Structures are given as C-alpha cells and as structure tokens.
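Structure first, then comments.
Order of writing sets the labels: A, B, C, D and E. Residues in every chain begin at 1.
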Amino acid sequence: MLVAALLSGLVLGGTYALVAMGLTLQYGIARIMNLAYGEMIISAAFLAYVMFSTLGLNPVAGLLIAVPTGFALGYVVYGAMMTPLVARARDRASLEIDSILATFGLLFVFQGVMLVTFGANFTSYSYLNDPVTIFGTTLAANRVLALILAVVFGGGLYLLLTRTLWGTALRAVAVNPGAAPLVGIDVNRAARLAFALGSGLAAAGGVVISMYQTFTATSGVVFTMKALIVVIMGGVGNLIGALSAGLILGLVETFVATYIDPGLTLAATYTIFLAVLLWRPAGLFGRLTR
Amino acid sequence: MKNLERRRVLRAMALAGTVAATGLLAGMTGAAMAQDRTSVKIGYAISKTGGNAGGAGITTLPNYKLWVKDVNDAGGLELPDGKKLPIEVIEYDDRSSAEEVVRAVERLATQDKVDFILVPWGTGFNLAVAPLFDRHGYPQLAVSAVTDKAPDFVKRWKKSFWMLGGGHDYANALASILADAKKAGTVNGKVAMISVADGFGIDLVTAARPAFKKAGIEVVYDKTYPGGTSDFSPMINEAKSSGADAFVAFSYPPETFALTQQAQVASFSPKILYLGVGTGFPVYGKNNGENATGIMSLGGIDPNNKMNAEYRKRHEAVTGVAPDYWGSVITYASLQMLQEAIKRKGLDKAAVSTELASGAFQTVLGETKFEDNQLRQLWWAGQWQNGQFVGVMPADRKGASKVILPRGDWKKK
Amino acid sequence: MSELLTINGLTKRFGGLAAVNAVSFSVAKGEVVGLLGPNGSGKTTVMNMISGHLPPTSGTIALGNETISGLLPNRIALKGVSRTFQLVRGLPSLTVAENVIAALAFGRRRLWGETARREALLRLDEVGLAHRANQLAQQLTYIDQKRMELARALALEPELLLLDEWLAGLNPTELRTGIDLIDTIRKRGVTILMVEHVMDAIRALCGRCVVMNAGRKIADGPTAEALADREVITAYLGEAHA
Amino acid sequence: MLEVADLSLHYGRHVALNRVSIRVGKGETVVILGANGAGKSSLLKSIAGLTKPDEGAIVSFDRRVVTGMPAHQVVEAGIALVPEGRGVFGDLTVEENLALGAYARRARADANDSREFVYDLFPKLKERRAQYVNTMSGGEQQMVAIGRALMSKPQLLMLDEPSLGLAPLVVGELFKSLGRIRERGLALLIVEQNVKMSLSIADRGYLAEAGRIGGENTASALMGDAAVQRAFLGAPR
Amino acid sequence: MSRKLLPAFVFALVVAALAYVPFIAGSYGITLGIGMLGYVTLATAWALFSGPTRYVSLATVAFFGIGAYTVAVFSESMVYPLLLAVAGVIGLAVALVVGLATLRLAGVYFVIFTFGLAELIRQLVTWYEVNVTGTLGRYIFLPVTPEGIYWQLLGLATTAFLISWWIGRSRIGLALKVIGDDEVVASHCGINIARVKLALFTVSSVLITLVGAIQAPRWTYVEPTIAFNPTVSFLTLIMALLGGANRLTGPLLGAVPLFMLFEWLSANFPNHYSIILGLVFIAIVFVLPRGVLAFAEENWRRWRKSGVKNLPAVAE
C-alpha cells in the first residue's frame, strides 16, 4: 500500500511539475502572469487528440509537432501582445496587472476558439492504457510514460538552463533583470524566448495529459490554477522549486486519498499550499527581494 | 479647487449614466411586439461555457438543435387549426452561473416574450429557474434533473415536470440487482462504493446506503471524492483489497472514464461494475469496445424500439455526434411531448401545461405519460450489451433486457 | 545635559555581513549631532534602526529612559522620533498638504479636518511651501519634495529628528536656505541627528560628530576635532597605496 | 575614444546632470570625483544605456554614436560597466557569472582567454568558481563584477564606486588589480570617493558637483588640490 | 452651501430614482438591476480594500459563497433579517482570521493565496456537508421577491458607496492612500498598517458576504459549485480595475458597462461569446490601460487645456 501510494503520488506529482515548469519560466523570466496558460495546455491536448484519432499519430510522436507549435504560438503571442505592455509598464506591479488582464482576455479567445472548433464535449482517447508493474505495484503505462516525460522534460530543461550559455542568460534575467543588459543580454528578447519556451512546455504538458485524462474546451482554468499553486509554492521562477512543489502536492494528494479520506485531497492541497506560504511567504525555494 | 469641481462633475456624470441605463432598460422591457404571428418563439439558456458545458453539450443542446431542425423541416409547429408555424430560436449562454441562468430565463420570459422556454442543463439550474417558469406560467419539462424531491416540487410549482427520477429510484434498482445476484450466488454480497462530492453523487449515495442495507448488501468501502479527481488508484486499490465483488461509483463523466481505464490497469475486475454519468456516452462504448460489456449505469434504451433506433441515427446524422444512452432520448421525448401538446392546445401555456400533465403522447420512447407530473417510465439501470447500452431495470418493463452477470474479465487489447 | 537618545552596542547583520557593528553613542537633548562616514559605512542602517524601519540584530536604543529598539516605526513615531529619508520619499499621489496631514492625522495630537489643514499650512509655511499646498507631490521639484518631507517630519512634533542626507543634491543657494531651516528647527529645541555629506553644513550646524567606517564607530567628538582625526581623513580620502 | 557632450538628465523635475561633457582617451584612466548626489552614477548609467539622457546629448565611442542605444548593444560596442552595488547574479555561481560576461558576440570567441586573464588577476575566483556569488564577501563579489565586465572584452571599463563598503585592506588589493587591468591597455573611467587611491592610478580627473562637472586636471595636480579635500570634508572655518 | 449639498442631493435623487425602478421596469429590468447592483457592490467593496492598498484579492467568491451558504443552511431556522446578520458575522469572523494570517504576504503571493483560500473554503464546506450533514445541495424557499432582493441590494450598494465615500474623506482613507503610496512612510507617520489593512479587509469582506446572502434566495438551490463559482472573483476584479479601483465611482463605472456588455454578448453571440469577450478585454487593456475614469479625466483635462487657452498650466 505504501509503495503504491508513493508511486501513484510521484506519477501525479510528475504531471503537476511538468505543467508548472512552463508557467514558472513565463512568470519568473518573462514576468508575465499568464492566465491563459491552461488554455494553451488544453489546445495541445486537442491537437494530440486530433492527431491520434484522425492521423493515427501516437502522442509521443505528437510531441514533436505540438511542442514546436506551442513554442511558435508563445513567440507570436508575446511579440504581438506582451511587447507593447512591457514597453509601457512603469514597474513590475503594473506589468503584472496588465498581463493578468490581457491574458484573461486571451483565455477567453482560446477557449472560444476551442468551443467553436471542438464543442463542449468531454474528449478522451485511449493510449497505452496497459498495466505496468513496478516494485510490485501496478500502474498504467500512460501514467508512467507521463512521469518519464516529465522527468525528461524537467531534466532537459534543467540542463538547458544550467549547462548552456543561453540558458544561463535566461536565469540571469530571472535573478537580476537590471544587470542582465550589462553583459549584453537583450532582456526583452530573453523574455520572449522564455515565454515561448514556457508555451512549448505547456504544449508538452497538454499532450501528456491528453494521454490519460478526459478534458473539455473549458477545463483549462483547472490546470492554470494547479500550475499557479505549484509555481507559487515552489518559489517564482525556480525550476527546482516547481519540480519539488509538484511532487509534494502529488504525494500529499495520494497519501491523503489513501490514508485519510479521498474527500479531503483538494482541501489538503490548499492547506499545504496556504501553510507553505504562511511559513515561507516567498515559497519553498523563493527569496524575498524587496 | 478646479480639481474638486472636475471630480464632482465626473461623479455626477457617472450617476447620470447609471440612471439613464436603467431607464433605457425599463423602456426596452415595456416594448411589446404586436403583429401577426409568423413564427413560434422558443428560447432557452444553456451552459455553452464553464463547468456545465460538457454535460449540456452532450445531453441537451444537440437535442434542442435536432428537434428544431426536425420541426422546421416538417414545415413548423402544428397548431390546433392545422396551421404550421416555424420555430424561431432565441438562445443564451448561461456561462454555468446560477445568477446568469436566472437572468437569462427572466429575459426570455419578459423581454423576448417567447412562447415556450426549454430548460437549462443540470439539477441545480433547473431548480434555480423553477420559480420563474412558474411565475411566468411556462411549463417546465425538467429533463437533466435527478431529484427525490420531485413530488414536493410538483406541489410547489404546478407546471413543472420532472423527467429523470430521483436518487432512490436508481439506488433501489441497483440494490435489487445486487440482491438478486447475491441470491443467485453470483456475488458475495459485498460492495465497495465511491461517490463524487456533488449534489448528484451525494443524492445517490445517501439513497443507496439504506437501499443496500435493506437488500442485505454489505457496504465494505464507502468514500466520497471531490469533483475533478483524476487519480483513482488509491480508491481502486482499497476497493480491490476490500473483498467486494461489486464496485459502485456514482461518478461524473471525466471520473467515469478515468475509473474504467484505471480499473483495467489495476486488473480490478469486479463481477459487478456500476459507474455513474458518462457510462451512457457513446464515446464510452467506442473507447472501451469489448471491455464495456457488462458495465452498468443509470439509464439505458430498449434496443428493439424502432423509433428510438431511428432517432439515434438521425441524431448522429444531424448533429455529428451520437446521443447518450440516458438523458438524450428523454430530452428529445420531452420536446416531442411539448410539440404534441401545442398541436392539441395551441400556444396557450396554461392549456399546454394541463395537457402535458394529463395527456398521453407518442414519442421516441413509445407511449409516454406523466404520473403526478413525473416521468416514471424510465430505465433505472442499464448495461452495456453487444455494443449498446440497454435498459435492464425495471426488469418487468416492456423491452427490458436481461442483466448478464457476472461481467467478464477485462480483455487484453 | 540629559541624554535623549542612548545607543548601546547596536549591531545589524545582513546574512554574514555586519553592516553596523557594536556602535554606541548618545545624543543629549537639544544637541545637533552629525553622523558621518564614507558611503557604505552603515550610517543609514543606524538611522533605520533608530526609526524602527529595521530591527537591530543586537544592542539597544533608548529614548529618554524608554527602550525603543524592536518597536514598529509607528510606535516609535508616536514616542517622538521622526525622520526624512536618504532618497526623498514623498507620497506622490497625494497633494502636498495631504502629505503633511498624513503625519498630523496619525501623530501625537491626531488632528483632522480643518484643524489639521490649518496646521499643515503652518508647517508648510515654515519650510516655504505653503503656496504649493494643493499640488500633487509628484509635481514638485526635488528640493521642494525635500522641503515637504521635512514639513511632514516636523508635523509629528518630534523630540528627535533624524535627517538622512537631507541636504544632498541641493545647489549652493538652496543649501544656504536648507542650513538656515535646520538651524531654525534646532533653535526650537528639537534634537537633531543628521547623516550628511555636505561638510560645510556639518561644520555650520553640528556641535558634535560621530564618524563611522565599515560599520564601526571611529570617532566621536566636537566637529572640528572629529574631522581632523587622521583615521577619519583616511576613511574619507583613502590611502594612497604604497 | 569616448566623447560625451552636452549630456543632461532629469528625474521628474530634479536635474541630475546638467550639460556634462567629458572624454576618455585610448588606454587612459580617468576618475570622476565628487560628493554624493553630484550625478556621477547617473553619468555612467547614461553612457552604458541604462538610463536615457535628455535630447541633445551626444555620446560617441570610437567615433561611433552610441547615444540612446539599449544597454546590451552598448556592451557590444566595447563599453562595460561595473555598476554601483556590483549588479552580480547572486543566485548563480562565479563560473556562470563569468560565462555570462562573455555573452556578447564580440567576446564569445575569446571567452577562454578572457577567463584565464580574470583567474590570473583574481586567483581567488578560480578557487571558488563553483560557489554561489551571494554567499561571498563584498570584496569577492566586487571581483566577480569586475571579472564579469572584463569577460566582455571591453575597450573601456567603467567602475561605479568600486571600493564602496569594502574594508581598507581589500580596497588596496582592488586598486592593485585595477592597475594591472590598466596595464593591459584598457581605458578606465572610475567614479570613486576614495580620492587618494583612485588618483594614484589615474591619468586625469574630473570634479563633479551638483550635476555639473567642474574642474578637470591631471591626477597629480588634483592630488594636491584643496578643492578636492573641500569637496569631501568641507573647509575648516 | 449649495455647493456642498448639491452632490448629496443628486445622490439621494439617484438612489430614490433607482429605488423606483422596480415599479416601472418589469421583471427582466429588475433581474438586470439585481445583477448590476450585485456587481456594483462587489466591485465597490473589493476596491475599498484592494484599490488603495494594491493588494489584488481573489477571495471575493470565498465571502460571497459564505454569505450564500449561510442563508441556505439557516433559511429554515431563522427569520430573514437575523439570517443576514448571521451571514455578516460569519463573514466578519472569517475575514478577521484570514486578514491576520495573510497580510504579511505581498504581490502575486497574496493573489494566489486568496484564490487558494476560496477553493479551500469550498472544499471544506463540501466535505462537511457530505460527511456531517449527508446532503450537499440545499434548498432555499424564502418568501423574498425579486423586488425585495433588488431593494436590499440597492441599500447595500448605497451603503458600500457611502462607506467608500466616507472612507475617502476620513482619516482611515488617508491612511490607506498613504499605505498604497509607500508603506514605509506610512508607518513612520504613526500609522498602524496592519490594523488599518485588517479593518478595511473586514469591512470589504462583510459587504461581499452580504451580497452573496442577499442574492442566494434567487437560486432556490445552492451547492458549493454554485455558491463558490470562481468567475465571481475574476469578474469583480476586472470590473473594478477597468473602472479604476482608486476612485469612488471607478468600480461603478467599470461594473455597469461591463455587466451590460456581458449581457449583450451572451444574448447576441451565444456561440462566439467567449471569443468576442476576450477580444474586447484585450482591446480594453490596450486602449484604456488605467481604467475608464482615468481615461475620462485625462481627456477632460486635455479638452480643458486645448479649449481654454488663456488658463495657466497646471503647474503654476
């Protein structure tokens, strides 16, 4: 039972972490509070669904199409919508409010387009719904694959951010946007790339989620909120924070469902989240900068 | 001082604007249309966005569209004098908000002055608009509302009709299936049960507990989970190790799909598997294929009912999606009843309501009739058999299929 | 002379760095004391701890017989300490008069309404800003913002006034006015502790100076003596490397 | 090499800089002396592209106009700034900070050589290359900041109060290092309050006062100038 | 004297006119009025705290839902006025606890915290109902007419407006403005920041709770998903920000047109509602970045400047 709960918790947490990583990039580096993030996820889920059911393309291959598409979409959205907002923002707070409002609009546009295209129906398809036994516990192959993908993407992103000059530059912008231009980093360009990268990750998350979850055109906000909670809990812009907060939440949910009461899983999520914030107002790995 | 004055002016402007807007509305509301009738206005508010959009998009909206097309293709709604008037539709999005649905229906009734109003989706929203339907004299054919309080509501709102039964009906039917199976020695009489923490799940589970007890069924696992749960492995593991032969989930569609998949993965194959809303969705059968066979849920159809079969075909042809096996056909039948009542009594809402309450109607369900403003000829339980979700309870109802138990093990793909 | 402000072993650490390290000194009632030292020597940190903006890591600050270290700024303000800030901090969306009323309304006398307005105008008049009372603070020039900030600090009717580089960035004429203004305040019996780089002003106003370097007190004495101290000169001008 | 003409700057109504003109020749070391609030930092920031000066200013470098260029392009032009408060990336390691110093295209190819020079200049950084910068002492952080600026292969290195908050011993080390950098042929523009120390390595100096640049003279002349002392300690009466 | 009394007179006249609306407007007009007044009150109450302090709260629906649920729970066992009082008291208690716990959070952390709070309360109510009372949906059969609800909301909106007006010219209003501009200066002026914030948060929360309590009887049936619908928080926020959260009439000027816009869109474009709404939103952000009122004031100023050339410039 314990191993089972642990593994299911990791699988669930892996998905949370994967979904949150993109948002933490967008918020931490590009400083855009993207409320349409969940809609980007769901769009990718629909894309994966269409590719699977009409082209017979399996979702892992679908990633190769969805992730670049997401990246491109993010790049365009930032260029068209965010650049003017960034240009006119007086300070961080006003950009935050503007981006909340603008992406709130974007949320509706994305959702509307999906509703018109796909209707409001529950959508799902069955892929790799086969049992896999790990340490004597049976898990669904698609969920294990989700965990593996989360690890691959998380690890890939970690390497990208820590081992390449380009990634280091992105982190530098997150750490000290004021000093980044002094070493020749174009902060706006870095922000745009980070936003696009975040969108690409959202697309990856969407494809992964579509493999084992039912979704509708209107379920994006659920993911936005889960991702936000993970991001805030981990500390804004902190990749390791997002990973660990995602895993913690997944484990907490599974353990509460197993040992206490499934009815309290979400309550437990929010309690943990609120407790973390009260204990460390800047999140687990965040630093208060005032 | 200039500053102050400017503020004052702006403040006054703001207030004046508010007053003007309100006055304008008052004027608009008073406007009436008084010309010769060239159409029948039918309106509805439905969740096109928000949390309820998924359910409404499967059960309700396609049927509204199908029915309007059917009627208009046939020349329109027939009135007692034989004249046919086309239907003019006024459609609002209630955005899954109780406040919106109330306002939208109010608008349909008093501003658009529609002849009839079709109901919104969901138990809560049907209750929210019931006082309005009643006050403005519209018959309310509440389809997607499962409530045990229907008899009370009928007393309160004389023109309301409740068409999907109550939690007790479904729970009792399930209890009797379980009891029979226990008697036959098919199962051990232990059941593991989970339910969604939502009006629907709780209604059913609170009805099921006493019903199971009365039928001598022992509930060995009984938990409630919050809506939106995606990982059921803890609950499935508990249920698996509880020694129960039967697993019951009063669940909503996303969870129904997830439970089916995760039960297969966990090789949890109870002899009786009963799942909630969503089991009767065509996509459920499509996704699960052979594995769906034997799974039970609420609703069902009579596979030999030709009219129903024809309806299903037309539904799929017109709307592009197949109807579900529970509420869809009843939604369509409710519209046919309305259509027939109008044919008999015209556009007088009171007369139509009386006719609905007392008359008998030919619908895709066969002959359909309200008892105390409630539709009781329902399939309280159904089961996937041969690629269709057929009604099995009440067993003595005409067209009932026989329950096949135990259901087979999961098939490997 | 009775001591108004007594600082004892005051220390502030940020992470591992001691910005202020075991500093002790006192200021007597009615005195004007300069707190000097090169940039980064910890003067502003001392001011911040006196006004309650930062809690000390260790050590005590007493006002009269009362320990004030560790209290919140609003409590300390009510006990009679007010200040100006190194980078002038106006309240940009308020008018100049409102800036001063803010201090009157929550200060020791809790004035409000017409009384507060009249009083605010008096305070503004003192610093020569009464004619700008109804302008928004953000429309003021730099020097006028400094004046407004001083009026606001005075509105709290402090016993101890902390001036953090209040004269910085003023041109020679403005500087003259500024020095005179501080002198007037001093004559009213307000005790003043000022951080300042404008040495002419220090020499003109302060009877005594406390000099800090790298978080420590290096000199404490009559102004001319303190400024002639070898260690002080080295601290300011540095040492030519050998 | 660097020519600044008529550079003025406002913050709201506050005039921070008033028609300042300075120049720095190739390989020359120039200090700007002056009390706080004299606008020295604003001048460096304007040159580096971090703040936008008022209309009419002309900043040219190597006969190329760089006025109004965004900061990241100014770096490409060959000007590096070590800002007041150092501006290091605290949550990154020493090595990463240095690597980022060579982010500019002009510097990438020679990153390894530059790093060798920096490590040679500050051996301590080599020892601590894997350490997070915000865990280091002020002097070490200043080394990182200077090292990072050197990584961009500048022709002109600008330093804003490099000795700020450092212990006297460390300041001495720092200026020794600056001397070595100077020997490499880099031009240095230093804003500093440590008058003696900075004049000792400088060729020329300017005296800044309340947004204006007053006197200009050779370093040795300034060293004995009473005006300098007065600017810092005032005149005894 | 007339200068002072005129606005008060106009205000009273407007309130009286609005109170008269149910007699002429018909039931849809009343319904519309209820929705509009509801949001005007929510936005005004929200702006009361969040406007000057710039703490963006998403906990609106937490209190709104508490109000609705309290009425649902006690509707059978109490007389109506008491019901509202109890709802208000519960809202107050929760606001105090939450306020004490959260006011040290800032920026986006506060935003997400308040959002999480709304969800947490919803989950806890659900769990309690399921496990303790065994029912989830509750029926409200109160003899309150739409007119009654309208008038109550009008009264509440008027109250919210008057409180907002009073605070704007009272000591505490000044304190809030000072805090919004610079917390450090505020505390150095002797302002007890925590107490001021807590007081305002509580007042704002109680008003919001009462909106929920008054509106709930219209739904007949209440369950947590209905009462704690997060869109309420978002819409309130958007309306207040659009109008300008720092001004007395700002929330009003945001709530009324946006509400009408939503209504018009969902009536005329039920299928493309989302897309159009989204585009309108984005357009608003780009065209009216600082809210309707600020936009109006700027244009007013510009108009004054260009129209009356001989007037000296603002600075003089």
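As a convention for this text, a contact is a pair of C-beta atoms (placed from the backbone, for glycine too) under 8 Å apart; a residue touches a chain by one contact, two chains touch by 3 or more.
Treat the numbers as computed from the prediction; the structure is a model and nothing was measured.
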Any chain that touches subunit D and subunit A: none
Reference subunit A; chain at largest CA-centroid distance: C
Centroid distance [mean C-alpha coordinates] between subunit B and subunit A, Å: 34
Cα-centroid distance, subunit D relative to subunit E, in whole angstrom: 52
Distance from the mean Cα position of subunit D to that of subunit B, given in whole angstrom: 73
Cα-centroid distance, subunit C relative to subunit D, in whole angstrom: 31
Contacts with two or more other chains, residues of subunit E listed in rising order: 123, 126-127, 130-131, 271, 273-274
Junction residues of subunit A - those touching two or more other chains: 111, 115, 261, 263, 266-267
Per-residue overlap in subunit C, given as positions that touch at least 2 other chains: 139
Which chain pairs touch, all of them: A-B, A-D, A-E, B-E, C-D, C-E
Interfacial residue positions of subunit E with respect to subunit B in the complex: 6-7, 10-11, 14, 17-18, 21, 24-29, 31-35, 38, 123, 126-127, 129-131, 134-137, 139, 141, 215, 218-223, 225-226, 229, 231, 248-249, 252-253, 256, 260, 263, 266-267, 270-271, 273-274, 293, 296-297, 300-301
Subunit B residues touching subunit E - in the complex, by the definition given at the top: 6, 8, 10-19, 21-22, 25-26, 28-30, 48-51, 91-100, 102-104, 106-107, 109-111, 123-124, 127-128, 130-131, 135-136, 149, 156, 197-199, 201-203, 206, 224, 226-227
Interfacial residue positions of subunit C with respect to subunit E in the complex: 51-53, 72-74, 77-78, 82-83, 85, 89, 91-94, 98, 101-103, 105-108, 110, 112, 135, 139, 152, 156
Interfacial residue positions of subunit D with respect to subunit C in the complex: 11-15, 35-37, 134, 137-138, 161, 163-168, 171-172, 175-176, 193-200, 210, 229-230, 232-237
Complex contact set, residues of subunit A against subunit D: 165, 168-169, 171-172, 175-176, 178-187, 287
